[in-house]
Amino acid sequence: MTVSSSRDPAILVIHGPNLNLLGTREPQIYGSTTLAEVNQELHALAAEHGAQIEAIQSNHEGVLVDRIQAASGKVDYIIINPAAFTHTSVAIRDALAAVNIPFVEVHLSNIHQRETFRHHSYFSDRAVGVICGLGPEGYRAALRFVLQKMSLWT
Amino acid sequence: MTVSSSRDPAILVIHGPNLNLLGTREPQIYGSTTLAEVNQELHALAAEHGAQIEAIQSNHEGVLVDRIQAASGKVDYIIINPAAFTHTSVAIRDALAAVNIPFVEVHLSNIHQRETFRHHSYFSDRAVGVICGLGPEGYRAALRFVLQKMSLWT
Amino acid sequence: MTVSSSRDPAILVIHGPNLNLLGTREPQIYGSTTLAEVNQELHALAAEHGAQIEAIQSNHEGVLVDRIQAASGKVDYIIINPAAFTHTSVAIRDALAAVNIPFVEVHLSNIHQRETFRHHSYFSDRAVGVICGLGPEGYRAALRFVLQKMSLWT
Amino acid sequence: MTVSSSRDPAILVIHGPNLNLLGTREPQIYGSTTLAEVNQELHALAAEHGAQIEAIQSNHEGVLVDRIQAASGKVDYIIINPAAFTHTSVAIRDALAAVNIPFVEVHLSNIHQRETFRHHSYFSDRAVGVICGLGPEGYRAALRFVLQKMSLWT
Amino acid sequence: MTVSSSRDPAILVIHGPNLNLLGTREPQIYGSTTLAEVNQELHALAAEHGAQIEAIQSNHEGVLVDRIQAASGKVDYIIINPAAFTHTSVAIRDALAAVNIPFVEVHLSNIHQRETFRHHSYFSDRAVGVICGLGPEGYRAALRFVLQKMSLWT
Amino acid sequence: MTVSSSRDPAILVIHGPNLNLLGTREPQIYGSTTLAEVNQELHALAAEHGAQIEAIQSNHEGVLVDRIQAASGKVDYIIINPAAFTHTSVAIRDALAAVNIPFVEVHLSNIHQRETFRHHSYFSDRAVGVICGLGPEGYRAALRFVLQKMSLWT
Amino acid sequence: MTVSSSRDPAILVIHGPNLNLLGTREPQIYGSTTLAEVNQELHALAAEHGAQIEAIQSNHEGVLVDRIQAASGKVDYIIINPAAFTHTSVAIRDALAAVNIPFVEVHLSNIHQRETFRHHSYFSDRAVGVICGLGPEGYRAALRFVLQKMSLWT
Amino acid sequence: MTVSSSRDPAILVIHGPNLNLLGTREPQIYGSTTLAEVNQELHALAAEHGAQIEAIQSNHEGVLVDRIQAASGKVDYIIINPAAFTHTSVAIRDALAAVNIPFVEVHLSNIHQRETFRHHSYFSDRAVGVICGLGPEGYRAALRFVLQKMSLWT
Amino acid sequence: MTVSSSRDPAILVIHGPNLNLLGTREPQIYGSTTLAEVNQELHALAAEHGAQIEAIQSNHEGVLVDRIQAASGKVDYIIINPAAFTHTSVAIRDALAAVNIPFVEVHLSNIHQRETFRHHSYFSDRAVGVICGLGPEGYRAALRFVLQKMSLWT
Amino acid sequence: MTVSSSRDPAILVIHGPNLNLLGTREPQIYGSTTLAEVNQELHALAAEHGAQIEAIQSNHEGVLVDRIQAASGKVDYIIINPAAFTHTSVAIRDALAAVNIPFVEVHLSNIHQRETFRHHSYFSDRAVGVICGLGPEGYRAALRFVLQKMSLWT
Amino acid sequence: MTVSSSRDPAILVIHGPNLNLLGTREPQIYGSTTLAEVNQELHALAAEHGAQIEAIQSNHEGVLVDRIQAASGKVDYIIINPAAFTHTSVAIRDALAAVNIPFVEVHLSNIHQRETFRHHSYFSDRAVGVICGLGPEGYRAALRFVLQKMSLWT
Amino acid sequence: MTVSSSRDPAILVIHGPNLNLLGTREPQIYGSTTLAEVNQELHALAAEHGAQIEAIQSNHEGVLVDRIQAASGKVDYIIINPAAFTHTSVAIRDALAAVNIPFVEVHLSNIHQRETFRHHSYFSDRAVGVICGLGPEGYRAALRFVLQKMSLWT
């Protein structure tokens, strides 16, 4: 996918519920990298290749639906970590389908090692790809893939 | 059910998440009728038979719960298209049960032709009736049924 | 779908097993409208918009299969209440597929409030739309929808 | 239930598909008693206590539905061996519910010793009682129970 | 099965847990016939045809297992209403298999109309026949069948 | 199996519901061979090897049950394509078991590529063999196999 | 429920299998409170509000059934910790239903954190309420609730 | 758990969706106690033992997630009635896990007597304990347990 | 595990329901070895290696629970054939867990060749090891293993 | 499919594990025809119609995958009896998909009469057709079908 | 089974994938006994009683199938630890059935304490017996049983 | 994980069955990159950061098991695309567990969009992380992650 619109190539990064706590709680488990730092790295990496990143986080499903709808026509790719909404939100799934923006699904932990209900995702069968268990590197791997798809990185 | 209270007969129409996009996206699939136009038709049809319609849409489950609670004692019938919440929201189900207002469930598309998880509804066993696959006509069919039930149309 | 053949637009209404008893038994539950009256209303409504209705009822699955086959090339739309055959007849499903006539599925009662085995239909995933729980009004709603599809009603 | 109508107490005995072969095939398994003999015994036993029996058999589901409908108002109790239809016929189930005549379900063989699909019956949860595995004596046991219910036998 | 041993033909009637309360509690539901009266009727009917009945009741699974083991070589047929043990006791099932005495399973109520867990029996696939829903008449029907099998009644 | 009765070896070919439409509808899918032509080929092939074929088709389950019963003692082998009844008819299964005539099950299409409910057959575990997906050649393959079994073809 | 019979208000506390070991084994897990101490606290609390407590424990299902039957007419409320019988005893469930005494179900540990088979209880759908995971305080909470229901505590 | 921080011991009480209607609707079912009165009782009981209660209610899942996050480091124990969110909210479950505050789950009604989907809770396997069916007393029982755990009540 | 207490090393052998019949019934199937002979062999083998065996059998679940509880502190290893209780007794499972004595599970027959309900054991996931299908040799194999674990046999 | 390449039409016949034993073991069950004889017949029949057959057998899944890959561009049709790999080999399924050669699936026995795990095939939904239960004739029937598809036989 | 052929009694011991690592990895878990030592013990024990042992190990399913086929007529009993193939190999199951040599299934660990997919074995229902959890002693117990069956050990 | 052994850091890349065909078949779907090119890129990227890559492919499960065993002590991290073995090979899973080398699971396509049986992996719950749907970039993303874990890339 070569992005050739007049505006700059744009990527929306969506963090689901409770991810605002990243790095500030249980650093021995999740590491001490905060969500702000994760986003900062993504901004830098994208900027380096001529793309813009907007990153949002919300604990409110409706807010995420609204934000995805607003991305229509303004965003080329979405990187989403739906967190708890992975397993419960058809509304966000439908919003992604409605705006028809390709997206990559990312999970920090390996969801296959957790409770059975976390093995099902309402997103994976609609995603371009899925990455889990790589920690914050998962976001960067998704971003590099997206940049390649947008012909901004080889 | 003959409505005989001092106020006018009132019907609440509820549109669930992503339905605000109706008519503006993928018109070749969903048609070019917008949600505003759907509501306008329902207003006109109801007014013709002496009933008032209020129509709301939200992508936020909590907003819909609040609105249903507020309808208690002020609304005689509800027509609801829960969209994605059809399959995930016990809270809206419980709100409808709490206010004890009869309701008809409407879906624009035929949910039986879609993903398996869309075959289950948290609303159908509490609804008076269910209509799916008729597009915007589904709302009108529901409204005509409701008007009959309210003895406003024969 | 605009019907433009030389013959008049034709709609076949099919009532499944035990519906011949409608209106004559348990009127406090199912109402006192008989099947003949339902059909009469449908005839009148169709005639008013330039379409012909033929309505049949049978308790024999084979008779319904034969009748659907015979409709090939002579009927533009089918409205069917398969009743008990909803849950057991692949043969009628296959007949509908073989003649390739679009159809609307109607149920008088809300099947989602009844026994679990009534929650599955062999017809819904092939139907254009499904209506349940509206009583005899369900047939009329289906007919209005069909007339619209045939550009005979707006 | 004391039967006090002007007509004689009447019991309808229904034999489902393939039961017409009883006694004429595999007598080492099913015994050499024919269906005619079974019916004769039931007639005699009923007559002895002042009740009339009509016994029918059909391999056609629709015929059985028609016959049950026709029994409305003329029959006080039904004894039914649905045979293969036990596991497949919602239409006969619905006919029995429509005429609202109490019935006893009988099976010659012990269906719990046969294929898994024979363990589910569409009739048992609507029946007054169920008897299986007693061979032709099962019909007689059902008849004695029915005669007691009709206060014709103690 | 013709019983030709030197002792009298013997039938063991087993009543499972809580059946000792029969007739003394909730007579509007279960009738006012007590278990003693049921047993008395069975004794009389058996005696009339030259057979002996022993009837026991226990709320203790182990007691029933012991009693069935003791019946080996002394009892020709068992009539058992396992009551709650129907759904939980492999031990009684195994005891019946060990002594290899044919048995008829009886339930007073129609277990198909009750909780789902009552639809499975550990006994039915080993029983000669199963009777349910006929109330105390179920025991008598079982006894008549057993007497026939023993060539004591025609 | 060597057929040595006084009459000619006889094979019954049974076509289930909707197969009467073969070749006349959707020829691009099912080919333009009609059922009459299929039967003609089977007649010719059988006659060539000294066997008689009778071929029937019905949309009525009861008719097929009746016809199978009538074949008892007059038919040596059955070739059956139960079509939609494959998945719903215990009555035809039981009829085949009752007359105890060996049979081969044939399906024109590959049922494993279709809806999930078509993956279960009430016939396959009782059939000698099963053929699907070979189109009309499936019938001929079944016939050649049957002729071999009857020692009429090598 | 106000208890107004001539005898004192009476509460039966039932402890299921292995609870006799409470406090004497693995005190680091279950605490060092013995069953006798638990019962003593309940006696004191009940006495303080004018009610009598009888507390029993058994490893024998039949003993518990017998005891519940004997409570009929003599006990106003039951507090039961069925322990292992929670998941296996229909007989105790039936005994509680037969005597029709309201009961509260108590578990010392949180059964939702244990093996899957412990997530199903044969008692919960018949209980007035269920308490788990509170340790011995669970019994006291149940008793306070029962005393309130009996209008002995506010 | 002895609370020894400089601030007062603090307990957060969370009421899920539709609980704001408590006491004002269907008082014959749920009683006439309002949520405000329930909270008032809890405040009084806590204050009596030196603890502070904050009670919140919301129909919005996101609001509850936000509030739980904000409790981190400020609250010692949570008492939560997730109501409809019991069965659908992984986000609230995750928030509770993230702040790592022990909690007791409370339900006013006995959820085991209601629809099957209410038998599963996303909270019970993470809760310290679960109480259901005791009505408003359930909250008080939970509070007494929490006060004991905090060594504020014996 | 080296047994070094002052008393002799002790092993408890538990035989579940109906095993008292071993060798006396159906010897062509189960062999003619009686339970007494099995126990005698185990006594001899244990004595030879300096260990004491106590062997018990009961058809009463409660008796087995009591006996296991009594073994606490007096028995080093248990060999148990729970027979029918394998599939139904959580109480015995819990008793074994409570006394925390390691145990080996033995079945005379190969339970994997029997009814499906015999494929699940409430004991296997708590056992050290499981042996089935070896007949009486299974007990001896278990005993040799236990003696090794107790350093009494190499 | 008319084969018009410069090379001769080529058919690959694949026999899965244990089929090398055909005819040499249990001839009373599987007949005395050896795999060599089966292949010889297929060679002769193919040669007669101008096609070449190569037949292979292996007990090694990897060998079959390698061989199928090697067939790419050199084989026009595959006839495969995957034997035990029918139920376990996704690798062979994928190899067949990768080379995109149409294939017919053959089983000597009727797999629907065998263990439940044999009812599922990883091949049937990708095969052109499936034949089972016809013994060695199944291979010949498949070959005739393939020859027809290649316009080499009519 | 008394072995009376001219050759010596022969037993084949089969170790499945990854068992070649036994004793060399994680000795704290699996012990320090190597597979060679296990085999040496079995050789010694067999030789002592006049039987020959051949022991093989492979990580290749096809190699094991080949080896089992080759054992036909040369081996009297098989002891097999299928390891990972326990849960996936129908081919080895079929090979064992084809050669019709009785076998005992052995697992070093208690598979009932491991992942759910390890609870199903493709071998157990065909095995004479199954032993798990006894470590290397499991092989010796199997060998002693086999020697007894061959009348070489008492 | 900082690699500090005397040898160079080593990474094993494993490609499962049919991946040898990558790039040479259906390039419009899978792209025209061959497996050799994928490996070349990985070699280059690893070399750039001071690590060695060995890459292997096999269609034989046993070969992969052997190779993983041989990696013990010589390889620091494994990147594996098990392809078809993802869903069927417990042996490879066990080999990975036995050598205890951390691994990342990679799939070229998004397995969540394919057949249901591809949604289960025998590897994911043991993997450090899982990547699917990113095509060859998936391998590179895994390698970058591994290099980071080995402190060779930041």
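Think of it as A, B, C, D, E, F, G, H, I, J, K and L in the order they're written, each chain with its own count starting at 1.
Following the convention adopted for this analysis, contacts are C-beta pairs under 8 Å (C-beta built on N, C-alpha and C of every residue); 3 or more make two chains touch, one makes a residue touch a chain.
The structure presented is a predicted model; accordingly, all values stated were derived computationally and were not measured.
Graph distance from chain C to chain L, where chains that touch are one step apart, equals 3. Residues touching across the chain G and chain I pair largely diverge in numbering: under half of the numbers involved belong to both copies.
Repeated interface: G-I and one of E-I, B-C or D-E share more than half of their contact pairs by residue number, and that pair is E-I. Taking each chain's centre as the average of its CA atoms, chain B and chain E sit 57 Å apart. Averaged Cα coordinates give chain A a centre that lies 51 Å from the centre of chain G. If you average the CA atoms of chain G and of chain H, the two centres end up 24 Å from each other.
In chain I, the residues that touch at least two other chains are 60-63, 88.
Chains touching one another form the pairs A-B, A-H, A-L, B-C, B-H, C-D, C-F, D-E, D-F, E-G, E-I, F-J, G-H, G-I, I-K, J-K, J-L, K-L. The touching residues of chain J, when paired with chain L in their complex, are 60-63, 65-66, 69, 72, 88-91, 93-95, 98-100, 122. Within the complex formed with chain E, the chain D residues making contact are 104, 110, 112-113, 121, 124-125, 127-134, 137-138, 141, 144-145, 148. Residues 16-18, 20-21, 25-26, 58-63, 83-88, 117-118 of chain I are the ones touching chain E in the complex.
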